[in-house]
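What follows are several structures.
Same chain, two partners: chain A is paired with chain B first, then with chain C.
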Partner chain A sequence: MTSQLFKLELRLLARERAAWVLLALFAGALGYGILNGSRAAARRHEAATTLIQGSDDFLGQVKQALGQQAIDPKALASRGTVAVLPPAPLPLLATGQSDLSPGHESVVLWRLSASGDTRSELQNPSHLLTGRFDLAFVLVWLFPLVLLALVYDLMAGDRESGTLRLALSQGIRPWSWMARRAFARSLHVLGLAALATLAAGLFGGSDGTGLRLMVALAVVLAYGLFWIALAVAVNAVVRSAASAATSLGAAWVLLVLVAPTLLNATVETLHPTPSRPELVAAGRKASGEAEKRGEELLNSFYRDHPELAPPGQQADFAAQHLTVQSEVSRAVEPVRQKFDEQLAQQQAAVNRWRFVSPAIAMHEALTDLAGAGYWRHRAFREQVNDFKKSVADFYTPKIHLRQALTLADFERLPKFAFREEPPAAWLNRTGTGLAGMFALAGALGAWAAVRLRPAKLGALAG
Partner chain B sequence: MLETVKLTKKFNSHAAVNQLSLAIQPGEVFALLGPNGAGKTTTINLLLGFLTPDGGEARVNGASVAADPIAARRQIAYIPEQVMLYPRFTGVENLDYFSTLGGRRHTRDELLQLLKKAGLPAEAADRRVGTYSKGMRQKVGIALALATEAKALLLDEPTSGLDPAASHEFSQLLRKLAGQGVAILMATHDLFRAREDATRIGILLDGKLAGDYATNDIKGVDLEKLYLKHLRA
Partner chain C sequence: MIASIARKEFLDAWRDGRFRWAAAVMLLLLGVALLLAWQQVERTRAERAAATAMERENWLNQGEKNSHSAGHYGVYVFKPLPPLAVFDRGIEPFVGSTVFLEAHRQNQAAFLPAQDATAMRRFGELTAATGLQLLAPLLIVLLTFGALAGERERGTLRQVLSLGVRPRDLVLGKALGLGATLALLLLPVAVFGAMALTKLPGGDAGGGWMRLAWMGGAYALYLAAILAVCLAVSAVASTARAALATLLVCWAANAVLAPRLATDLAQRILPTPKLLDFETAMHKAVQEGIDGHNPRNERLQAFARETLKKHGKTRIEELPFNFDGLVMLESERMANEVYDHHFGKLWGRLEAQDRVVTWTGLVAPLLGLRSASMALAGTDFTHHRHFSAAAEQHRRDFVRVLNEDMMNDTAGGHHGGTAGRELWEKLPAFSYNPPPSAHALRAATPGLIVLGLWAAAAWVALLRVVPRLKPH
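This part shows the complex of A and B:
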């Protein structure tokens, strides 16, 4: 019975011209989202490749030069190096924070205290304002709309047209009938969304991202399931197709448009991000004060580190500048820490409240899986900070002691290599999101099943 | 067999069906007459399990409607005043869909045969039902009763709005079904059809059975007068 009923439901859907138009529009939107995502990913990939290539070329030149003669460490430290965040594992899936958070940072010994946002990719300001029309946008915003357009009148339409009484009098369990009908009517939309997700992973993903892709597929299906369950639940209570459409439309506006905006506003109010000008001003103030006390700071440094004091020599400008920079870093650190803490608290609040709307949970999961979310960029910032420390540790003694760099030092030069998070970390986060979405869909489905009990048929049949 | 035992349904304090006890045997056609609001449709809804009774019990072929509504409904065919079908489906597709809902699978040839038995012209079977007349839709309803091999048939004003020829054709189909052992309950205002088709006639007033006559016993009686007498009593 199931397959025959399923076939007939598909045939009924196929006779609706509007359904074909909707499916074509959705397929077009998915394709355009992937195309847009791939353009942005290609731009970021090109920027990263150019920077890495430039850095590699420079290191090659350094090695060659060191083979011929020793080099003053100040010269190499002045040139600095670039810490680059490698392309995201599934960049076509979501742009996320990739166009807001820097994908690389120039690490120069003399400017270690400076803020890291030094962007090289040109950004269209309107993109930054409106966000990108990427696959995540289509899946979070348009996917539920298209699904709802096809399943909004699962039962309300039959009640209105009078076919419901005839159907229910056949002795089918209303819940099982609705579930099959919902599945048949949403099959094409779910299939297109799953295909687009697969395509984004297969054509744009890095090696070894199979697990991420599988989880992304599960997240997309769970999100779809939530909206289908909501449509079934609404159809179990409303009496007309118009009421069902209005209720589901209102739910979409509330969950996809209003809830994320409200959550953002709430989080920003509870944990306001310190302004960047505040950070810059703190840096300038600290720098001015430290420069005035340059000599005093250096003397203090040598008292603490007598092993680095140049024997019988006058401290030079570079040594004093390093000490000043170190003091500036120390002074600015609380402001920077406050900035990071507030961001972390904001993200923690978003994580805690993401189930207020499955759209938030879905977006968080997709950007996380794509490698374009908060967590990967935070890991990058933390690893860059560690790298800055290792650069300072490497050069500081040599500059104070005025030791030249030799070929033997080349292999010890600090080099940045980003370490991806272990799968357990992102699996834990996205797994929670996925379980939450399944739980929400399950709760709605269970509620609808209770409302659609055969004993409640009077209310259903009208 | 269709059976109600002291069946009662109240809407607020008003009893729409009041201690109604009926037993319609296989092959019997029971015409339920009564003015608007007498409780005819409520009785049908109670037998279908669309309403929960406040007292008494409804049974279909021994299955309690309240205790096992699915089992009871699987033995019932229901033809409302307006048989509403999916307009984008053809007659044969509608029959396939609804009989599949009822748990019966038929080949296309079997479905076409059922529609033919119900009197639907062969050329109409593959036409979308959006183009069907009321009579044609009712024939699909009868075909559905045949397809599901229902033991009982509930009809709610089945001949209302049908032209005399269609009405006559419908009557013949009913008799054929009754001849196959189906217990039929027909709620109607059509006294002529009631006398022609029914083996028993019941008059329902304020949810109570005011009269229950075997058609053979009232052959010489003017049914309209009898009906009005009950109404004025």
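This part shows the complex of A and C:
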């Protein structure tokens, strides 16, 4: 009986022209999202590989030059190194923050404490405001809309028209009837979403991203399951198809449009980011004061580090600059740390409250899995900061002691190579998100099952 | 008759539990959005004012140094937020808040507030503007989908028409009643906007009241157009359910799909140049001239020859001023021509992209409204460009004063002697005057035209379908 119902529902769906139009539009949107994502990913890939290639070529030239003669470390330090974040592991899945957070940073010894321009590409600000039509957009925003359009009327319409009594009199268990109906009606949409996710991974993913892709697939299905469970739950209580449609529409608006903006407003109010302009002005103040005390600072530095004092302690400009710079870094470090702390707290709050709406959990999981979210960019920032320290540690003694660089130093030259997070870290985060979404779907389904117990059949049929 | 129908619709709406809930949720959201935005705008303004004061102190207390070295020390200026950002923050989170002004280089505004926020920002921001742009139309859909189709289904339409009520009066009465309901609901937002102008310092700078009035007009046109579209759909749809489905699809197309598709279209037709290409071209033009055939060295050599000729001297040392200072002035002038050309082209491109999006509003009215609303609030790209241009003008003035000082210093050798606080005080602090309301209105014109066309077309369409209103 139940498999017959499933087949019947599939046949009914096949005869709805509107359903086919909707499915075609959804497939088109998924394809367009992937295409758009791949264009943006190709641009970022090209930019990153050009920069990495440039760095490699330069290192080759340095090695060659060092083979011929010793080099003044100041000359090499002035040229600097570009620290590059390699292309994301699954870039087609989500653009995330990759159009906003810088994907490379120029590290020059003389400007280690300066806060320079932090953008790595020209962007129209209105485009950043609007966001991209990428796969994540289709999956987070449109996927539930399409699902709801197909499954909003699972029982309410039958209750309205009176066919529900007839159906229930056949001895069907209402919950399993509705579940099969929902499954039959959403099968194509779920299939399309899963296929698109797989395609995004297979055509645009880097090597060794199979596990990320599998988790992404599970996240997409869990998100779909949540909306189906919601439709089942709503149908278990409302009296008419129009009420079911308005309730589910309202739920979509609240969960996808309103909840994320409310959460954003809340976390920004609870953990406000310190003022960037004040940081800039404070940094300038510190550097002005340090510059005035330049000679005094250098002398006290040599008192603390007599091993680095050159013969006769003649302070040259470079040595003085480095001492001033380290003093400025020391002065503004607490303010700079406050930035990272506040942002980390905002992110922690988002993580804690992401289950307020599965759309938030889904968005967080997809950007995280794509490698375009907060975490990978934070890892990049932290690694660049460590790299700056190693640049300072390498060059500072040599400049103070006026030691030239030789071929023996080449292998010890600081070079930036981004280390990806271990899988356990992102698995832990996305796994929690996934479990949360399944739990929400399960809770809704269980609640609907209780409402649809055969014992309540009379009330159900209306 | 129209008045009685309007009164009945007005009462009906307020008695409808669903509407009351939806209206309460929306009012609550708008209230929260306005209060949070108020707090944020006040905080940001205070922070930027504090940073400006601190930076002025830094500049004045930089100590004795060579004037050209002071040009490299430079000045940071911070962008003030317009008061109507309380209502519509526009692109503010996505443009830099800080510009570094230094000798030789025109820099772009750096530090985007959105870079210091989580990815939740990308879902959009809760502002009164987004509330009215996205949620108010949904409320109208909820109010109107059954207005005519529902009456037809219930059979009351046949009864009303049989009483001799003209279909036109019926529809106008309903529109009036529902419009009044909506107006009453949105009145507090306008009051809050007026409060923002009176309470926030500098509220009326840049023609605040004029901007607010036009903004009110833009939103009224948008909501009036949507009201007419919804009533027209309800008039022709066979059932209330069909009307609801059609209207929800239209809403999703307008509010969710259109902005991103229009942005893609603009980017496709008029691509944004790559940063690397932009900077390389600019650097090349500084060195080789805008046309690429006029090397900087040759131009400066010719300039030296001309200067000597003008003063009737044969050697640089014989000139009555520090020639290096004059060269600095001349090379700044040459570089500025390049910056005007390249930044002008880039900013022109971004504005053209925004215009493409606005005119796509002929298909989806939200795009017209968004552009008009941001322009009138002072948070669109044309206002950011105005600020950037003002900051750049300040840079040029301050570098010119420093270079003139160097030019007049004939004793100090190559780069002149040292200067002190006296010279630093000669350079006024940067104070930014926002553009007048005429600028905002000019920027908002395409959006307002789009909205006007939508409102006119929607009402004409409604009045054309009404006579064919079928009772069954």
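Just so we're on the same page, the second predicted complex is superposed on the first by the 454 of 462 C-alpha atoms of A that agree within 3 Å, B and C clash if a C-alpha of one lies under 4 Å from a C-alpha of the other, contacts with A are read in each partner's own complex, and residues count from 1 in each chain.
Operating definition for what follows: a residue touches a chain if its C-beta (ideal position, glycine included) is under 8 Å from a C-beta of that chain, and two chains touch if they have at least 3 such contacts.
Quick caveat, the model's predicted, so the values are computed rather than measured.
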Name the chain, either chain B or chain C, that contacts more residues of chain A.
-> C
Pick one for A:A167: touches chain B only (first), chain C only (second), both, or neither.
-> first
Could you say whether A:K285 touches chain B, chain C, both of them, or neither, answering first, second, both or neither?
-> second
First, second, both or neither for A:L12, with chain B first and chain C second | first
First (chain B), second (chain C), both or neither: which does A:A242 touch?
-> second
Who does A:W177 touch here: chain B (first), chain C (second), both, or neither?
-> first
Is A:A47 contacted by the first partner chain B, the second partner chain C, both or neither?
-> second
Now for A:Q4: first (chain B), second (chain C), both, or neither, which partner does it touch?
-> first
Considering only touches as defined above, state whether A:P454 meets chain B (first), chain C (second), both or neither.
-> first
Provide the residue numbers of chain B that touch chain A in the complex, in ascending order.
-> 45, 48-52, 66, 69-78, 80, 82-86, 88-89, 93, 96-103, 105, 141, 144, 148
Enumerate the contact residues on chain A facing chain C in the complex.
-> 36, 43, 47, 50, 96-97, 100-101, 115-133, 137, 141-142, 145, 149, 241-242, 245-246, 249-250, 253, 257-258, 260-265, 267-269, 272-273, 275-278, 280-282, 284-285, 288, 291-292, 339, 343, 346-347, 350, 359-360, 363-364, 367, 373-374
Residue numbers on chain A that touch chain B, as the complex places them = 1, 4-5, 8, 11-12, 15-16, 161-163, 165-173, 177, 454-455, 457-458, 461
What does chain C use to touch chain A in their complex?
-> 18, 22, 29, 32-33, 36, 39-40, 43-44, 47-48, 50-52, 54-55, 57-58, 61-63, 76, 78, 90-91, 93-98, 107-108, 110-126, 130, 134-135, 138, 142, 240-241, 244-245, 248, 252, 256-257, 259-261, 263-264, 266-267, 272-276, 278, 346, 350, 353-354, 357, 380-381, 384
